[in-house]
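Following this line, the structures themselves.
Across the two complexes that follow, chain A remains constant while its partner is chain B and subsequently chain C.
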Partner chain A sequence: MSALIDIRDVSVGFTGRDGRTREVLRNIDLTVAPGESVGLVGESGSGKSTLAFAAMGYLKRGLRLLGGSAAFNGNDMFARSRQELERIRGGQLALIPQNSGQSLTPTLRIGAQLGEALRLHSALPVGQHGARVIELLSQVRLPDPEGIVARFPHELSGGQQQRVAIAMALAGDPVALLLDEPTTGLDVTTQAHILELLRDIAAERSMAMVYVSHDLGAIARVCDRVVVMYAGEVVLEGPTRQVLRAPAHPYAQGLLASIPRLDDATLPVALDGRPPAPGEAGAGCAFADRCALVQDKCRATRPPLAAVESGERVRCFFADEARRDRGRRKGAAPVRYSRDSAMLTLDDLSISYARPRLIDQLLGRSSDLLPTVDDISITIGKGETLGLVGESGSGKSTILKTIAGLLPPAGGTVAVGDHPLPRLVEQRDPNQLRQIQLIFQNPDDSLNPRHTVADILEQPLKLYYGLSSTDLRARSVQVLERVRLGAHYLDRLPSQLSGGEKQRVAIARAFAADPEIVLCDEVTSALDVSVQAAVLDLLNDLKATQGTTYVFVSHDLAVVRALSDRVAVLYQGRLCEIGQTDHVFGGVSHPYTEVLLGAVLEPDPDTAPTLTADDVVERAPPAQGCPFQRRCPRKVGTICETDTPPWQRNGGDHAIRCHIAREDLA
Partner chain B sequence: MTEITATRTENTRLQRIGAVLRDVMTRPSGAIGLTLVVLHLVLANVSPWIVPYDYKAMDSLQMLKPPSGAHWLGTDHLGRDVLTRTLMGGREALLVTGIATPIAVIWGGFVGIFFGLVGGRLDEVLMRVVDAFLSLPWILKMLVLIVTFGTGIEVLIPTLAFFYGIPVIRIARAATHDVVARDFVSAARARGHGRITIIRRELLPNVLDTLMVEGAMRWSWMLLAFSSLSFLGFGVSPPTPDWGLMIADGRGLMSFAPWGVLAPVVALSSLIIGINLTADALAKALGIDRAQKAPV
Partner chain C sequence: MLRMLLRRLFLGAITVWIVSVIIFAGVEVLPGDACTAFLEREAKGKLLENCREAQGLNRPAVERYIEWASGAVRGDFGVSANGQKSISELVGNRLRNSLLLAICALGVGVPLAIFLGVVTGLRRDKPVDLFFSTAAVFAMTIPEFVSATVLILVFSVWLGWLPGIVLTSAGAPASEFFPEILLPVIVLAMVMTAHILRMVRSSVIEVMAGDYIQMAILKGVPYWRIVFRHALPNALLPAINVVALTIAWLLGGVVVIEVVFNYPGLGRMMIDAISDRDLPVVQAIALIVATVYVGVNLTADLMTMFLNPRLRTHALRGS
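This part shows the complex of A and B:
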């Protein structure tokens, strides 16, 4: 069978400021057969997206083709004219981008956008476009396609927008789809649904797929073959099962070990070091500096991509040793705490984003809008880690903001120890401020780009401890060492640091205040998995040495599992379930927890997500009854719509809020 | 140790300034623009010592002479040397705008940043006031003030600084809005820093780039405004040489003595084009795309 996509010896690079040519892709060979689905994995900067775009004959500005050829269906994509490329792209070869919400035109109705795609890429007469649009929308399993046609992109949820993007890609009856992180940024349940849809569509139409992702769980679900990329080259290529089960390359192994697993309560193993920058890989193996099996040979010569007996192609001299070395290196056990005194108490907390309208204020009417977060009562012990999980819009981050005093609660109190905190940060005294520190999701956003690391760390030190400049410097070094960074980082700007280093600086800034409570808002979700593992490890260490209490917000259940003592599950700003991590993630659980757990993708080709509830995202909680009533797969009846479910407890502190009897929830 | 490291920290900043300047100079627009601006500044400073004639010396025998060996750019209707007057004609304009521009950027910048940070109803009200102000023609507003308080540097500088600070409020506020939404500002708030610290440490460094480019643009517009006022007879009073005034004087005689108008026009426009080109290159070097931001 001839290959549909045939990339031969492609090298892509750019000319740096120093005039040197730096390679972003190095001698890539990749073929994709018709109907085959290939996954491209690697960390950020590995060149996976560049490779996928090169298959379309497209290179980002500044990049140029240094050698090789990329053919699609027999067309050399780098030799074709613009017009020919335009006909192929979007027609036979379609792209599904990462953030489809941004790739849809905000001022065009869905029907018009799809109609445009049809006009450009299909031979259908215009009269039949309307019917075809409906057909496409139902093919991507959008409910009520007739209604969707008339809507604007912003009226759809993220998952629905992604489905529209898929429908648009299907408009030209493509034989191959390029998917660039198509589910990144979507909720777990939505992601699982989209992946199932892609699987089905690919199978129905026997379409080839090139699936670019950093998420091995997603790759495991949709791909037949996996290509692992590192520093612009292919390091391992083979059937999905083999690559994920018995990775023959040390990098692939490290990558797999750094993924936290739901069925494993240990911390994932971090992969130390960072990949070489483009053009810095040197003469030897690009992975040599981070490899546990490295020999002199590896540093001297670049290993070829050689076929091994089991059918993979591996760029490593010691593939057999690498495979033998496996047996998943054990991660550190998370520090567990024994519960004694209460550190942070949330009592009947409710938070509302809606400001009362002026007219209501004047008439003395109360707003009829439901609070975004309601009825949250949680006690967190000293040294305990509470994980807050839920999908986007569940109010996890909102609760953190209220604890930090950035957002006033509509009702209820936040107390540290026995002392209730003033509602807003401006009213809190310095000690209260120092006690609670916040770490944000994205260090690019939480570190001022104009400040050096020293400036960043000095702010809390000056504010809380009033240190003089000599002490400041010495103390900053100590604070940096706590997060395993050296003193030479002090004079760097955030733009001179890697993502993981930036997040460490952000963590160092929080710990510079010697806080009792640290609020972590999705602190690892902007990071690569190997870096994520290192950050989790660091947080775990700090917990052991500083006895810090964490409130850890994440949408990633496996990450929460790795670090938390207790977990609270939120839906639409209401608590569904709370209890010890092992209890929540095993045995009896709330139907919503069950849905969440079912949607988790493991990097294992033999597991399949269990999809029970649909993935329709709700925008507001129901006025009464159970918050999960509209999506619940186990809804009992009208009682769910009228009565707030009671808390059902086991003997200990595991509590579930559901009308179904605890025994029946198993 | 502190001393050594302190200079190193400073170095990162100096390095950035150096890098930006180099970047400006490598762009054609920046190289041409900066050369023009520097040339004008140098000439304005040394012109009193290099001009061939006295700027106010009239010569009734040499009226409206075309360019010649004695008068390279000819003479005006009073027989004064056009070259002399053109070389010296930018001094007043550069002095006034050179003082008024920084004042305008500083006061407009601070007000804009403050209201961008505070937000809410107060901000809305202020912005409507700004809108109302901007909707009136600037020349009208300025003439009212000048007619009331009289002409002269001591009136012109505050007037220009005041009126040209108002659009800066809007730019600074918009730039601040982009920064305020970012997490490092929330982080500073959550730590408990006061508003002044947040403005000084978190906002100002990030808004400064925009303000610098804006300042350069305001400078060129202010020069135009100053020359327009002189042209109308409200700026510099004769016999002080000034481009606006020279254009006004020579305007009626343009058809048979074009040199009298041409020389100050070329001088004024080359300076303004120079400033604009520099601002453009500066914006690109700083990574601010002015094309994407709506001009006020």
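This part shows the complex of A and C:
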């Protein structure tokens, strides 16, 4: 069978500031047969997206083709004219982009954008385009396609936007789809639904797929074959099962070990070091500096991509050893805490974003809007880690903001120890401020780009401890060492650090205050998995040495599992379930927790998600009854709509809020 | 939507009202008044008192403010201190002249600026971009009186193509200002084009680097269709506000050009009134210019909101 996509010896690079050519892709070969589904895996900067775009004959601004060819269906995509490319792109070869919210033109209605794709690539007479648009939208299982046609992209949820992008790709009846991280940034349930949709569509139309992702769980679900990329080259290529079960390359090995698993109570193992920047890989193997099996030979000569007996192609001299090395390194055990005294108490907390209208305030009327977060009572012990999980819009971050005093509660109190905290940051005294520190999701946003690391770390030290300048410097070094960074980082700017280093600085800043409580808001979701593992490891160590209490918010259940002593599950700002991590993630669960756990994708080709509830996005919680009533797959009856469910306890501290009896929930 | 519109109109009116109070109070605390200005050195004793009596200047300030403000709402700003002519009439002519100048400059400048902005944005770092971007920096940085003087030297002194100065009187019909108005229009258009061009250029560059443009390319949309249908509707939105500020600037802030070319516009009248200490006229012009600023910005905001689906939804939700 001849290849549909045939990339041969492609090298892509850019000219650096010093005038040298730096390679982003190095001599890549990739073939995809009709109907085949290939996954491109690697960390950020590995060149996987660049490779997928190169298959369309497209390179981002500044990049240029240094050699090789990329053919689609016999057309050399880098040699064809613009008109020919326009005919192929979006027609036989379509792209589903990473962030559909930003990839749909904001000023055009959905109908117009789909209609444009049809006009460009469909043989249908124009009169039938309207009907075809509706048909496409129904095929991607969007509710109310007639209504969606008239909407603008921003009026849709993330999952809906992604479905529109899929519908748009299907408009040209493609034989091959390129998917660039199509589910990154979506909720777990939405992600699982989108992946099932893609699987179904690909099977139905026997389309080839090139699936670019850093998420091995998604790859395991969708792909027949996996290509692992590192520093712009292919390091391992083979059938999905073999690559994920018995990876023959040390990098793939490390990548797999760094993924937290739901069924594993130990922390993931971090991959030390960082990949070489473009053009900095020396004569030897690009992975040599981070490899546990490295020999002199590896540093001297670059290993070829060679076929091994089991059928994969591996760029490593020691493929067999790599395979045997599997499982040798174990992750650290998470530091567990035994409960004694209460550190942080949330008592009947409710938070509302809706500002009361002036007229209501004057007349003393209370707003009839439902609070965004309601009825939250949680006591967190000293040194305990509480994980907060839920989909976007579940109020996880909102609760953190209120604890930090950035958002006033509409009712209820936040107390540290026995002392209730003033509602807002500006009313809190310096010691109260010191006690609670926040770490944010994206260090690019939370670190001032014009402050050096020293400036960043000295701020809390000056603020809370009033240190003199000589002490400051010495203290900053100590604080940095705590997050395993050396003193030489002090004079660097955030732009001179890698993503993981930046997040370490953000963590160091929080710990510089010697806080009792650290609030972590999705602190690893902007990081690569290997870096995520290192950050989790660091947080775990700090917990052991500092005895810090964490409130850990994440949409990634496996990450929460790795670090938390207890977990609280939120839906629409209301608690559904709370209890020890093992109890929440195993055994009896709230129907919503079950839905969340069912949607988790493990990097294992033999597991499949169980999808029980639709991934509908609700804008507001129902006025009464159970918050999950509209989506619940186990709804009992009208009681769910009228009565707030009771807490069902196991005698210990595991509690589920449901009308179904605890015995029947299992 | 309607509620939002009314709210914005109301806020605009409040702004103008506050400005009117500040203007009135400002003039009030200055030493002297319309009578001392009019009578100049003889301003003392009986003569001054009679004048104040006649002008009603001895009444309390609040009363006079109310009278002035209610007159202004009806378009009646009273009479000027020098010469005792109706301010509405004087200012009306000048306002028309300023509008004429503004419309001509906008008519030339805005289309040119948008065209060049789009071209330079699309051809970033190519010779055409380097040429016009550099030219724009020059046009922005050379003071207007210098460029005006150079243009007069070249086009009226050396070449003799265009009149270098406006001799038409303020009240003459609009058609009589041609061709005298051409040189001031060119100078204004140059400065304006430069500003708008740079704004449009950076906006086009930003939009063209966006994900949805990349998506359109990879969807096989032809280049010019990408530009006109996907890029420009988004790239030109910020231009609306810059154009609005330019309009306001053209109506009240181009004093230098008006002086150089002897053009009878609002700006020059303001300067003349200030040097003559003709306070009623100063008040009137200040209020008119303030109203224009508020009005133009309000219109621009509403247009942006109407043309940007994201803001429109926001407004419809009534927040």
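Observations, loosely collected:
One rule holds in what follows: the second predicted complex is superposed on the first by the 665 of 666 C-alpha atoms of A that agree within 3 Å, B and C clash if a C-alpha of one lies under 4 Å from a C-alpha of the other, contacts with A are read in each partner's own complex, and residues count from 1 in each chain.
Basically, contacts are C-beta pairs under 8 Å (C-beta built on N, C-alpha and C of every residue); 3 or more make two chains touch, one makes a residue touch a chain.
These figures come from a predicted structure and were not determined experimentally.
After superposition onto chain A, the partners chain B and chain C occupy overlapping space and clash.
When the two structures are aligned on the shared chain, A:580 is found in touch with neither chain B nor chain C.
By the touch criterion defined above, A:607 reaches neither chain B nor chain C.
Look at A:644: by the touch rule set out above, it reaches neither chain B nor chain C. Contacts of A:91 after superposition on the shared chain: chain C is touched, whereas chain B is not. Of the two partner chains, chain C is the only one that A:82 touches; chain B does not reach it.
When the two complexes are overlaid on their common chain A, residue A:31 makes contact with neither chain B nor chain C. The clashing stretch of chain B relative to chain C, chosen from 133-141, 169-177 or 187-195, is 133-141 in the chain A superposition. No residue of chain A is contacted both by chain B in one complex and by chain C in the other. The touching residues of chain A, counted against chain B in their complex, run 404-406, 425-426, 428, 430, 433, 436-438, 440-442, 445-452, 454-455, 459-460, 463, 469-470, 473, 490-493, 509, 513. If you check the complex, the residues on chain B that touch chain A are 1-2, 5-6, 8-9, 11-12, 182-184, 186-193, 201-202, 205-206.
Taken in their complex, chain C has these residues touching chain A: 209-212, 214-223, 229-230, 233-234, 307-310, 313. Within the complex formed with chain C, the chain A residues making contact are 53, 56, 58, 60-61, 82-83, 85-91, 94-95, 97-99, 102-108, 116-117, 120-121, 152, 154-155, 165, 168, 172.
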